[in-house]
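You will see two complexes here that share chain A, one where it goes with chain B and one where it goes with chain C.
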Partner chain A sequence: MIGRILRIELRHGSAALAALATAVGLTWVLVANPAQWVGQWGGLAVYLRMCLLVLCPLFLAAGAWQAGRDRRARTVELLGTVPRPAWHPMLTGWAAVTLGGLCGLALPLLVAAAMTARLATYAGPGWWGPLPTVPIGLAAASALGVLIGRRFPGRFTAPVAGLALYVGLALPAYFPDSRWAVLSPATDEFRSYVLWPASFHTWQAAWLGLLAAVFLLLATRRWWAAVVPAALAGTLLVALPPDEPAEDPGALALVCTERAPRVCVTRINEFLLPDVDAVLRPGLERLAGIPGTPVEAVEENARRPGGHRPGTAWFSLLDQATLTGGVARRDWLETTFRSSLGDDGCPPPPDSTGDPVEDASWRTELAAFLWMEGDPPPELTALPGQRQREWIGRVFAASRACDRAELARLALS
Partner chain B sequence: MTVAVEELTVRYGRRVVLNGLDLALDTGVHGLLGPNGAGKTTLMRVLATVAPPNGGGVRLLGSAITGEKELRAVRRQLGYLPQTFGFYPRFTVREFVEYFAWLKEMPAARIPVAVDRALERVGLLDRADDRMKTLSGGMQRRAGIAQAIVNDPRLLLLDEPTAGLDPEQRVAFRSLLRELGVDACVLVSTHLVEDVAVACERVSLVDGGRLVFSGTPAQLAAAGGDGDAGDSAIERGYTAVLRAARA
Partner chain C sequence: MTARALRLHLRARGVPRFGAGLILVTVFAGVAAQWLATRPFFDGPGARVPVVALAPLLAALLLAGTLAGADESLERVTPVRWRLVRAAHVGAATVLVALLLAATGLHDPAVYGSYALVRNTLGCTGLVAGAAVLIGARLAWLPAFAYVVTVYGASPARDGGWENLWAWPLQPSTAGWSWAPALAACAAGAVLYVRWGARG
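What follows is the complex of A and B.
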């Protein structure tokens, strides 16, 4: 019979509303930021955890709305005359909105998974690690909603409590180094190429599961019964999980174009390689044969501290993938590539206004920049082709050496 | 006795709503009459185990409610339609009645048949799959009666059950009341004295928190005279009893 009642709640209770809200919510956050997950299984799992920032408040609001239903429907008096303990329908209602909300996530998730499957070039071990915590965290949020909704069964409780949780979950973002950030189900600490140990995910799942139990027991006014899970949760707080994420070498392995000059991306971004190659190759080919200039372009994620490679230009693919799997901002990609041609670790020149009219070194860099773009200034094109290339080589050498004086001497006008 | 109330006192703050009320009811249909504010709804709420008494004794279905176990046992055999009847608007009629059958801890195997029977008795079987919010006020009231009778209660408390029913539905409802009263104690609180005259075997009249009359509808009608206000004999009896109680 409980199955039948659950079906009724799922079809015609607040669960249907919860499903709609979470489906719209997840679709919105997936579409708003495709670069975080498109083409990467690990990215999808990680981004789903970030989405909890929006989904947890929705689940909490759904729980609060469900808990306030009897008062809105004016059935409180009638329910006060039935023999079944109040926690039975309360638990059924909670289960229904939680299941309903999770069902609402299914369709956008399936679409996202299908899009990822079409493009993904790397799965790797344990990419799904952050996923089991998702339903547990959402169940805890809806349980907290039920607790709040039963104490304050007004119409505005659900939106106000949802908003409050959103603010609460967003706070750890302002304290990224806090160890307490692990208490939150919504986290932006994860990266698609970083693996956290299973013990970390187990700890988080246990913590959130115990919280859900505490919330539900408090909602049913079983104060003493709530002590046990609360004590266990307290024990977990004393023993925070191991904070030892490790980069996934498989995810960060380089995949390069076969023909020179090489363009390389990490394996998780391999699906972007044709687009990246199309954007960066003209610049690399223009530099070919000039001594001291890069002979390859490599994705920034593969760069290691101190790993200076004179022949390499670096570029970033951060927030670059579109929903269809292409590069989102070609101009930005070109810019990061060009700016890495010189050594961007150089200290800023003293007393420089950055104005090419006043500062000869800036005029030199601007001329080299325009040459890279294929639109060199007249004073550079006035030189013979071989002289132009020698001049570019000297500019890059001075730039990498942070030699502002040499750059100023190289000024053509 | 199905219902035995002695010296029942209920206060809301400093206001005494029921003041030492005595009442005894057994199987059959009983009418509960009284002017606004007389304490009818409060009495119904006490009998429905919603409102606790401040004093006096209440025995329902032969047992005094002294603990959770007795309370649950009584509630399993209780049917209640409150004056302000609320419902879940998106539920279908069948789902609504089924939900309350579950809340009344009916055996799962019995529920589908019991729900259909209750809906048939209130004339809503053909609207069973319609959502509650699409029903007229009278039909919603009948759905409320269906949830009250779905568990075949031994004690059925109906507070203003005919509010919103059209004349044809009221006639059908009176017939249903008589049918229910064969096996159960049915207490109907109403302002419509003609419903009491036709459908009830006994009538109790409450005024100022006290029971001022208990007898048959014929006895109530006989209490009135030509000089009393009212369009029917029972209405004249009603006003006569009230006038005498307040004298």
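What follows is the complex of A and C.
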């Protein structure tokens, strides 16, 4: 009997609108940030969890819109005359918008999965771990929407409540160290190369599932029945998941070009290697043969604190992948590489003005960077070729050793 | 319009509820802006982007509810100069929202502060007023909501140029071109609403 109402709701209710809204919403956030997920299975799963920041408010708005429909259409009394428990239409309305919204997510997800499959070079064990929580979190959001929509059936409840939930879900991002952030389905704590244990995902799924049950029972005014899932959810709050995330060594294993000088990326970014190599090779070849300068360039994700490697320059692939699997900002990639040549986490010099005219050490570094860019200052080009290269080697070595005095001594003028 | 008629008109349009909501939004915007701007791990007043994007939108959503009466066609047969009433209604509401929200960003107003809040208020109320004419006051909140939320979701893509035009709700107030679409939306929405009123 409920199945028939559900079919009618799916066909004629707000489900189609919810599907359209979530399809457009997910497509938009996927296209807006391709670097987060293109070519990485783990990245896609993790980014989908970040997308819940937008999708949960949409599901909540859909639930609130659906729940307030009868009151807006002034058919509450009419429907009240039907010999059917009040929770039947409410539950089917919730199920319809939730199913509709989830169906709307399917198409953009399939396209994203196909695009990832084309480029992906690594799928770690359990990369799909964050995924099962997604439908449960969304169902909880639409259940909260139903609860709010039943209480406040106005036309503006849906957008205002949606925006409020958006702000609420965004709050944990401003408290990065808070352990309560695990309560939210939308989290930016996950990384594509970090594996969270299955117990953590189970805990989150149980918490959100119980929350959904509490919201639905409250919406049907079954106060006493709501106590049971609320108590269970409370016990989960006391027992926050103990397990800690761990980096996936397989994801961070280095993949390098065969010919020297080597350019290495982590395995999850292997599809970017040809482009990265093309951008960084000229710079590395310019440095080839100069003593004390790097002989390889390695992606920063593989860098460990304290792991000083004099022969290695670093570069960042943050926000770099495009939808087609290329490098988005070649100039930024080069900049991160060049700045790592002279930087080894040195503290900022206390008495420096940062002005190359007054500060000889800055002038020296600037001249070396201009040489790297192929635009050396005249006082450097005045030196014979071999002397230029020796000078460059000594500047970068002093710079990486944080030796400001040596840099000042090396000043050309 | 006598004072009593005015009072009844405002009540029928849900203005007291709008006022209460607006006060809540203003207080929330003020507290959130202050909190964001004083966090040591953010870049000071520049961290107020979420407030600048969302507070004017919320205020405009609340305003949408006041743009039409229970029965527009019935209202219009009454001998009242409705265009004047509508002009005063949308004008006063826009000025009120802009002033209240601007007061929350007075500290360093040029960096995602008062100026950007005023610009976004003008743009959002214009969008809502225009939508009330085109699709009715019941769903007038939808275009502005969808537009601002979409632009906000794509925030990583903003860096000058064309973004000044299409992503105006997220631009700093110093980006001159970002004022053009906001002012255009405000003018178009107000003119449409004053001329035709909300669709019945």
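Convention: the second predicted complex is superposed on the first by the 407 of 413 C-alpha atoms of A that agree within 3 Å, B and C clash if a C-alpha of one lies under 4 Å from a C-alpha of the other, contacts with A are read in each partner's own complex, and residues count from 1 in each chain.
Methods note: a contact is a pair of C-beta atoms (placed from the backbone, for glycine too) under 8 Å apart; a residue touches a chain by one contact, two chains touch by 3 or more.
On a predicted model such as this, the values are computed, not experimentally measured, just so you know.
J.: Let's test your reading of the overlay: on chain A, do chain B and chain C clash or fit side by side?
T.: Here the two partners, once superposed via chain A, fit next to each other without clashing.
J.: With the two structures laid over each other on chain A, which partner does A:P83 touch: chain B (first), chain C (second), both, or neither?
T.: Touch partner of A:P83: chain B, not chain C.
J.: Is A:W128 contacted by the first partner chain B, the second partner chain C, both or neither?
T.: In the superposition, A:W128 contacts neither chain B nor chain C.
J.: Given the touch rule stated above, what does A:A170 touch, chain B (first), chain C (second), both, or neither?
T.: It touches chain C, and chain B stays clear.
J.: Looking at A:W180 after the superposition, I want to know if it touches chain B, chain C, both of them or none. Which is it: first, second, both, neither?
T.: In the superposition, A:W180 contacts neither chain B nor chain C.
J.: Just to be sure I read the superposition right, which of the two partners does A:D319 touch: chain B = first, chain C = second, or both, or neither?
T.: Only chain C; A:D319 stays clear of chain B.
J.: By residue count, is chain A touched more by chain B or by chain C?
T.: The partner that reaches more residues of chain A in the superposed model: B.
J.: Using C-alpha centres in the superposed arrangement, which angle lies between chain B and chain C as seen from chain A, in steps of 10 degrees?
T.: 50
J.: Kindly classify A:V160 by the partners it touches after superposition: chain B alone (first), chain C alone (second), both, or neither?
T.: second
J.: Is A:W28 touching the first partner chain B, the second partner chain C, both, or neither of them?
T.: A:W28 contacts chain C only, not chain B.
J.: Of the two partner chains, chain B (first) and chain C (second), which one does A:R74 touch, if any: first, second, both, or neither?
T.: The answer is first: A:R74 touches chain B but not chain C.
J.: Closest Cα approach between chain B and chain C after superposing, in Å?
T.: Chain B and chain C, overlaid via chain A, are at closest 15 Å apart by C-alpha.
J.: Check chain A for residues that touch chain B in one structure and chain C in the other, and list them.
T.: Overlap of chain B and chain C footprints on chain A: empty.
J.: What residues on chain B touch chain A, complex-wise?
T.: My answer: residues 45, 48-50, 71-73, 75-76, 78, 80, 82, 84-92, 95, 98-100, 102-105, 108, 111, 131, 147.
J.: In their shared complex, at which residues does chain C touch chain A?
T.: Counting only chain C, the residues touching chain A are 21, 36, 39, 50, 54, 57-58, 61-62, 64-65, 138-139, 141-142, 145, 149-150, 153-157.
J.: Quick check on the complex: what are the chain A residues that touch chain C?
T.: Result: residues 25, 28-29, 32-33, 54, 154-156, 159-160, 162-163, 166-167, 170, 174, 319 of chain A touch chain C.
J.: Which of the residues in chain A end up touching chain B in this complex?
T.: 1, 4-5, 8, 11-13, 16, 69-70, 73-84, 88-89
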